[in-house]
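All chains are identified by letter, namely A, B, C and D, in their written order; residue positions are counted from 1 within each chain.
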Amino acid sequence: MGKTAPVENNDPSAFYEEVKRLHLRPLWLQEAHAPHKLAVPHLWKWPQLRGQMMRAAEVVSTENVERRVLGLMNPGLESSGRFATTPNLVAAIQMIMPGETALAHHHTPAALRIIIEGEGAYTCTDGERLWMEPGDLILTPAWSYHDHKNEGKGPMIWLDGLDVPLIQAMDTFFFELYPGKRTQPATQADEASLSRFAAPGMRPANFTWQKNYSPLTKYSWKKTMQALDDLKEPDPYDGLRLEYFNPHTGGPVMPTIGCYAQKLRAGARTKSHRHSSAAIYHVFRGSGYSVVEGQRFDWSERDIFVVPGWHRHEHANLSAGEDAILISYTDEPLLKALGIHREEPQE
Amino acid sequence: MGKTAPVENNDPSAFYEEVKRLHLRPLWLQEAHAPHKLAVPHLWKWPQLRGQMMRAAEVVSTENVERRVLGLMNPGLESSGRFATTPNLVAAIQMIMPGETALAHHHTPAALRIIIEGEGAYTCTDGERLWMEPGDLILTPAWSYHDHKNEGKGPMIWLDGLDVPLIQAMDTFFFELYPGKRTQPATQADEASLSRFAAPGMRPANFTWQKNYSPLTKYSWKKTMQALDDLKEPDPYDGLRLEYFNPHTGGPVMPTIGCYAQKLRAGARTKSHRHSSAAIYHVFRGSGYSVVEGQRFDWSERDIFVVPGWHRHEHANLSAGEDAILISYTDEPLLKALGIHREEPQE
Amino acid sequence: MGKTAPVENNDPSAFYEEVKRLHLRPLWLQEAHAPHKLAVPHLWKWPQLRGQMMRAAEVVSTENVERRVLGLMNPGLESSGRFATTPNLVAAIQMIMPGETALAHHHTPAALRIIIEGEGAYTCTDGERLWMEPGDLILTPAWSYHDHKNEGKGPMIWLDGLDVPLIQAMDTFFFELYPGKRTQPATQADEASLSRFAAPGMRPANFTWQKNYSPLTKYSWKKTMQALDDLKEPDPYDGLRLEYFNPHTGGPVMPTIGCYAQKLRAGARTKSHRHSSAAIYHVFRGSGYSVVEGQRFDWSERDIFVVPGWHRHEHANLSAGEDAILISYTDEPLLKALGIHREEPQE
Amino acid sequence: MGKTAPVENNDPSAFYEEVKRLHLRPLWLQEAHAPHKLAVPHLWKWPQLRGQMMRAAEVVSTENVERRVLGLMNPGLESSGRFATTPNLVAAIQMIMPGETALAHHHTPAALRIIIEGEGAYTCTDGERLWMEPGDLILTPAWSYHDHKNEGKGPMIWLDGLDVPLIQAMDTFFFELYPGKRTQPATQADEASLSRFAAPGMRPANFTWQKNYSPLTKYSWKKTMQALDDLKEPDPYDGLRLEYFNPHTGGPVMPTIGCYAQKLRAGARTKSHRHSSAAIYHVFRGSGYSVVEGQRFDWSERDIFVVPGWHRHEHANLSAGEDAILISYTDEPLLKALGIHREEPQE
């Protein structure tokens, strides 16, 4: 029963022809109801990512293209033509060279930046300049204007995380250039939001905020590192793991994307589990490996890898003396808000 | 500037070849950032829907297939193979014949039922039997077990509304049959939730509810009609329009789908607007037409039509003496929760 | 140990004198830490209430006093001079005679009205006229302008419930007359809020509301009665009991006061419990008795009685054939919001 | 009109006698509806507070009394017998001497501690030891078990802030000693909550918390000072002012009490305003004065003063070179939750 072929009293072919013509489709001809798991686990090595990025700098300049970005295409989703690393999220490497500007725009996809290399560049979000250093997490939420400028001496490279595949699937992609200018004016003091949220559980008296994303737009690595060092209670599946969150409401940093920093102590190996949310990991420090549905991925500093939804996974730090640190982002807040997040330990 | 072709200093073809091999894609080769609007407005006439449904009853029985359902495929999305009426939602007609049972299962897609024809059948949701009459709205939220049984004398036909395309795009479709039985046992009194929420702003003292969907699982047409009759303040774009909502929290009936009943008074014609959410309409009563991006769709009782997102639309009731009533559902709660809902009046 | 007298090494009297002069008080001289339970259970018989109200009409007219109100003073709190029926709440009987107006004002105490007798009068709240019939619950929340007018032929009498003692204890009583007029103009249609919330789980599409109290300002007895009749699941301590709540948010009708309607079926007798919130009951229909800390109070139609906080109580309907209906209000939402509500069944 | 004497058609004295006997009180005999403002502004000088505290140590030991606490009695409220510094809040100085223990108990009043002097002592809250240093804010919320122990070499002195007057007025004071022991066992690592909330907007992944107060139970002065130094945007009425808040939800630290740290830069003078919430200030650093309803209060380091509700006030730092820092707490969250907080700039 169930999905087996129906008993067909008479030849139904004329019926099937006709309903097709009327834009009707019999549900009983549908395939099984389970995740297709077309997305596959994959790892991109940093030397190759960086190398191609440098070549891209020869091929195009930010004078000619809005963004110099290489998207990390999930091999399993590539044939569908979607710009996707997981069904809901995309990862990409972006670079701006000294003196370059990535011009100001906004769009309905939400975006975050995990800084990998460089100094002396900033992202300007809604009039607030945020200076970028490796390990920083910077938010440019849905529909907030943002531009990037490199005033330093070397290339500035970061990992972009966006919910483009989700927004594309919903066909709600809207985009606008900042009116009349390549860069938006700084209407706030530099890093103003960091001066408002400078200690845990402290904010300006009478602070008001109506938006559905974090009023703290940069989480500096220096504070994240300290918080990771302070954290004492490891999770069996993820080691010492912190969530970046909206300090004004307790919600996720943005409605669709959750961000995490985790430390795997020297020699640590986690238990295996799976969940319906997918994760993209950046190896901020150290080396080790992850096993995803039986396949081992060895990672080193600055590599990027993806664990698609409902794939069993575990992590290991091979080093005897060095901690490993992973910064990651997922669609967990989205699935939880919809009430359909599932999680399962490996038996 | 913007999306124009990049100045290419040297022949970049080798670069483009290589990044493709590494599962990287240059963002600057991407298409424009705006809704693709592949979904088109479309209207399905009731006589055809009903006629094909009756033929389907000859072709398959609920002994052989889980559900006797004809999905209303958006002509613009059909080629993609998606089971979709809009990018996020699907509409379908379901019928069970006297004595038939649609067996118990649950799934991550959220579903609702707008009853069109018949009597003497029920939906059982989480152990609560809900008897179906034309105009009723019945919820079977994500992951709640549900089955249908027709104990009446004629066919029972309703409109199914689900967020299947969204769930499929996110690859989070999970599905299970009710363990060991074709139908679930009734663990609550029939229509128990209606006896708990029987008057506006009244609920059992000490009522508790942790789920993210409405604890009221059926909105009977009788009460909806009364509320529409009481409503005095028309909306310029939608006439007298009520939202069905979660009476315990004030939120939407389910996180992804919003439901509405609206009355267009005799002779009424609304103003035109567009919004990024898409809507599927069932003509519960009366006749009239809607203009969607310049195209006129004349509708009569029981027809079903779709207005895709970001399509300008307006409605008119042609009758001199009869009100028209539309029952509809949309993905507006989802887009609002993500902070990306947009709305625009027609200038 | 604990509250026993301290060992006093030397004569501390000079110390006690001096700290007193400096406006300092040794905590160790304080009394025990438990509810004082000064408020006592008490019952006011309707014939006496009505009789005195009629006499009050001879003594004062609404031409001369803002309100013709007799407060029900808790005998245990009377000596303190507080205008209080419980530590947080007050009950009072108000009457306006045909042609009379109780002039428009607003104040920080929140108020509700449970209508007892009369017809043809209205309360106007924030520009909305609400016609009063026995059993109706009408809200005039904190700082909302309200006035009353009797356009009928007989006296209009109701029970006022307010959080005056709380507001007085916090010394946050503010009060203003409506500027320049005895009555406010009707800026909304009569009973506009009832036409917006006319069925459970239905509201005008795009309805917005920022206030912290219910947008439904009258709960008509007709609908309450129907909801009580529909309710099937009795509570062991309170019989069939409904909470009036804010249909737009799921919160209480007002932040400080919760309202309830309960039906004790013929012959019903509840179990006994106690909770830190206090309750004031109006006998809307029937007769029976309540036992409060061992003391029996026999009540009949229209009587009013108070069960102070942390007093064990149970209810009984003595009738063999008639249901009894109690309408009550409490400070439970306040105590729950503060996280200090306690409840205890009688062992 | 309004509160003028009623026209009395006949002698109403018999009526007034009779209603009094029936525990009824005519509202029209009530006094005016405005804050009574019995609480007065007052300042307690630190040398006197400390001096009396040292004498108290001679008078009683923590072997003999539960707490060695001197309450700061508002001179305007003293006659009422209430243990109150404002209508809702009380301030008190507590001291434990080396080797002493203040035994474990819990109670419905919420409490906070602002540490003034000493080192080497801790508060244990719900099994978590929190070490006390000057400027720290420590929470012992309603009904959480707490005890204090001095393992240092000198006296440990702090300011206690509680909502005792509110809880007393509501008659909901419950109190229990920790069962069977003078001190509760440490069930968590020392300062565990600080290791969970160590950076702004970061918390343990999957952290759960159901209570209505902050999961961060100590706000260390070191972090507060840094946040004050980072803050750039002064408020006209309060200078550079931070709110301590619940980092997990964005709400106040406890439902009834809000806490603030503010810096008045050298030479700063604020504008004057008033609000219905009352505030108790501890001068953590510097000297200056506040003008409260025209009365000037000169304060120096460690002094404590109270600004009652609805009293106009402004602050000034007289120093040419030194910042002044005030730590304060108020009943603002309570009044805001009830929707009755009022604020008014001085014209």
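Everything below uses one rule, namely that a contact is a pair of C-beta atoms (placed from the backbone, for glycine too) under 8 Å apart; a residue touches a chain by one contact, two chains touch by 3 or more.
As the structure is a computational prediction, the values presented were derived from the model and not from experiment.
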Chain whose mean Cα position lies farthest from chain A: C
Distance between the centres, which are taken as Cα means, of chain D and chain A, whole angstrom: 43
Centroid distance [mean C-alpha coordinates] between chain B and chain A, Å: 30
Chain D, residues touching no fewer than two other chains: none
Chain pairs in mutual contact under the definition given at the outset: A-B, A-D, B-C, C-D
Residue ranges of chain D in contact with chain C within the complex: 1-10, 12, 15, 18-19, 22-28, 30, 32-39, 42, 44, 48-49, 52, 55-56, 58-61, 63-75, 78, 83, 87-88, 92-93, 103, 107-108, 141-143, 165-167, 169-175, 177, 211-213, 255-256, 276, 308-309, 331, 334-335, 337-340, 342
Residues of chain C defined as touching chain B within the complex: 189, 192, 194-207, 214, 216, 219, 223-224, 226-227, 230-233, 235, 238, 241-250, 253, 260-262
